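Following this line, the structures themselves.
You will see two complexes here that share chain A, one where it goes with chain B and one where it goes with chain C.
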Partner chain A sequence: MARTAVSRRLGDRLRWRVAEVTERRAESATAVTLVLEVPEWPGHLAGQHVDIRLTAEDGYSTQRSYSIASAPDGTRLELTVQRVVEGEVSPYLVDELMPGDQLELRGPVGGWFVWQPEQEEPVLLVAGGSGLVPLMCMIRSRRAAGSRVPFRVLYSLRSPAELLYGPEIRQGTPGVDLTHIYTREAPQQSARPPGRITPDDLARHGWPPDFAPTCYVCGPTAFVEKAAAYLVLLGHDPERVRTERFGGGED
Partner chain B sequence: MAIISRGFHGRRPPAGRKLPPGQYETTGFPVLSAGPTPWISTDKWELSVTTETGRRHSWDWAALTKLPSETPTVDLHCVTKWSKFGTRWQGVSLDVLLADVETAAEYVLVSSYGGYTTNLPLEDLLDGKAWIAYGYDGRPLAPEHGGPARLLVPHLYLWKSAKWVHGLELREKDIPGFWESAGYHNYGDPWQEQRYRGD
Partner chain C sequence: MTAGTPADTAGIPPDAEGGYIDGNALAGPLAELFAVDLTAATSQCAHCSNTGPVARLHVYRQAPGLVARCQQCGQVMLRLVRAPETVWLDTSGITVLSIPVGAD
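After this line comes the complex of A and B, so read on.
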């Protein structure tokens, strides 16, 4: 398995940079994609995230992490933020931040939860809610690099209204098989009744462990805990199950 | 030069300093350690940073004390329930020490003279959150408090602020240190009362 390190001088990835919002796109009823222009962006790998810092007029400031959604593209960066009800930061990013506004950002951060086009083994992506964001970055990077490595994606979401990247996902990508798992409300035509992800879902729509896929699991903490434990239970080598926990509770 | 986020107010904590849950305030400076106090002369002292690829960076005493230092005033929270407000230190920010280190690692295993170890996410050492401290209250740091130099990570329980610090090993994967293997919490956030494994 390719495990190329993503070394970077810490001084660079630590530096706070000023990014400008150039565009915003509604992604679902509760999520928005922010397109940022980041001068001197050093580039990133699929799966990495950035830290965002907001500062109020009186100097109070707070930070959150957001995964990078877009494949590397010069100084342009896309983040997709899902509104967390009663949250301190995400409602501001989703509802208030407009083109022309500036943000402080640093990164890219993360060297383990990454997929690189040199990897040759099959890939399983397991997303819960906004956990799709870094995995979408992997799908987009695969496409950008012309990789033919087979991907399977299990995407768990509450209801069709929360589907991220609808048009792009419906269009599909050759070699990327996508299964939706609706936890609360499934569309009419869906055969699977709504419910949380089970080992059976992972066995049926994932890869057999002896294909030795690298599995990337991302979403709210509780979702990641469960899905990763199921994969190990099904016989996947824990070394090949990489996780990114977004915090928060169920779903 | 912070960028002000138009219309952002945030949800700040109430004014005035607060004790984390389960802590009491002390004005003394209790000493707790896992073994006898090692005495390390500054002629022999060395700090090293080793990356996941085996690349080693090191500083002797003269090199460390030549680096730009800061004088943070911070609150300390010990897992044994005492907290001490407004302690004054002198030391070098880890941002300075690590600025030229090339790494993709996300974890650090810290080791001390005397054999003590503790683990942290690398992020918790960066961005002005941690120092290699060699001065306390205007004087050189006393051996019983970790002198000649200790790690200072005030936002975590004090067992993470390894005394007699000697080496930082950057790792792709986390492994528990001394107390963490003995049942203490892997992370140790005082505000979440993460004292023991499972808290």
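After this line comes the complex of A and C, so read on.
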């Protein structure tokens, strides 16, 4: 259970705090990782998110949820933000926010779409595009905790240019098997022709249902809808399929 | 940032099919009010009696505020509107919430 992160807050309602951007790292042409220093950060669980609030000079204010990308590490927190075309918040975060800038943040929140190092069952992670972010947090937290639980990861992305965390992913992690599913443009050496994720991909690169893995599926709503339905179709217990939909289209 | 229009408050294309997100997104707004994480709680729909985690509800952000619907029957289970000094929370679509609190 999410007791460590939650119990700290018992009796104290969640409040906004001010975080400072200490570093930014381009992850792809359209995504950036923001490294934040958050005073008194209480720690987080892999899969949790934060709410970010931006307020314009005229007082207009808006907020969005962003998944945490980094394993717990003191008061340091990393968020990876994908620019949404026509988006209201993400272009500002991706293009304009610079080291030294501050933003309002609250969290960590969410106690359901989380993976904890005490879990012993095999894990299947299914990511659509920037849906990889909270799943990467799980992979990093697994490594940080020295967990030997086997992970399998299916990462669906449009083209090699959209790959997030390239160097880290290419380096690989023992016990974490990662398969790329390219939907529009695959690298030349790729045996699988480009196309959206299929039940066959999930059967071939995921776990057999009788291994009773916990499956985490994150990405655009239509992607998650489809992948989660395929998993249930393949025989996975719906109770073991956890989803995080973040709206938008299928890629 | 630029001031937004109501149409883009969701930050996503106005896509009828993909227009909702998971109940996970309620975690922050509810944590502003409650001391335990309610998204991990199990809720029972007042319309069809389906039970499941609040994290699985379908949340629509296009409305002023947040509207959470039953993943089974689509009826409204919870509405939350944040005004400057008041939060309006309507849970009339939920009959029972079963909330994990851990051992006492």
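Things to note:
Quick note on the criterion: the second predicted complex is superposed on the first by the 239 of 251 C-alpha atoms of A that agree within 3 Å, B and C clash if a C-alpha of one lies under 4 Å from a C-alpha of the other, contacts with A are read in each partner's own complex, and residues count from 1 in each chain.
What we mean here is this: a residue touches a chain if its C-beta (ideal position, glycine included) is under 8 Å from a C-beta of that chain, and two chains touch if they have at least 3 such contacts.
All of these numbers come straight from a predicted model, not from anything done at the bench.
On the superposed chain A, the positions of chain B and chain C overlap enough to count as a clash. Judged by the touch definition given at the top, the superposed model places A:G110 against both chain B and chain C. By the touch criterion defined above, A:E121 lies against neither chain B nor chain C after alignment on the C-alpha atoms of chain A.
Look at A:E37: by the touch rule set out above, it reaches neither chain B nor chain C. In the superposed model, A:Q102 makes contact with chain B only, not with chain C. When the two structures are aligned on the shared chain, A:E88 is found in touch with chain B and with chain C. In the superposition on chain A, contact is made by A:V18 with chain B only, not with chain C. Once the two complexes are laid over each other on the shared chain, residue contacts for A:D177 go to neither chain B nor chain C.
Of the two partner chains placed by superposition, only chain C is touched by A:E244; chain B is not. Once the two structures are overlaid, the count of chain A residues touched is higher for C than for its counterpart among chain B and chain C.
Common to the chain B-facing and chain C-facing surfaces of chain A are residues 6-7, 9-11, 14, 54, 56, 60, 62, 88, 92, 109-112. Contact residues of chain C toward chain A in the complex are 1-4, 8-13, 15, 17-25, 27-29, 31-37, 39-40, 53-56, 61, 100, 102. Interface of chain A with chain C (complex): residues 1-3, 6-7, 9-14, 49-51, 54, 56, 58, 60, 62-65, 84, 86-90, 92, 106-107, 109-113, 220-222, 242-250. Taken together, the chain B residues at the contact with chain A in this complex read 2-12, 51-53, 95, 98-106, 123, 126-127, 172-173. Residues 5-11, 14, 18, 53-57, 59-62, 88, 92, 96-97, 101-104, 109-112 of chain A touch chain B in their complex.
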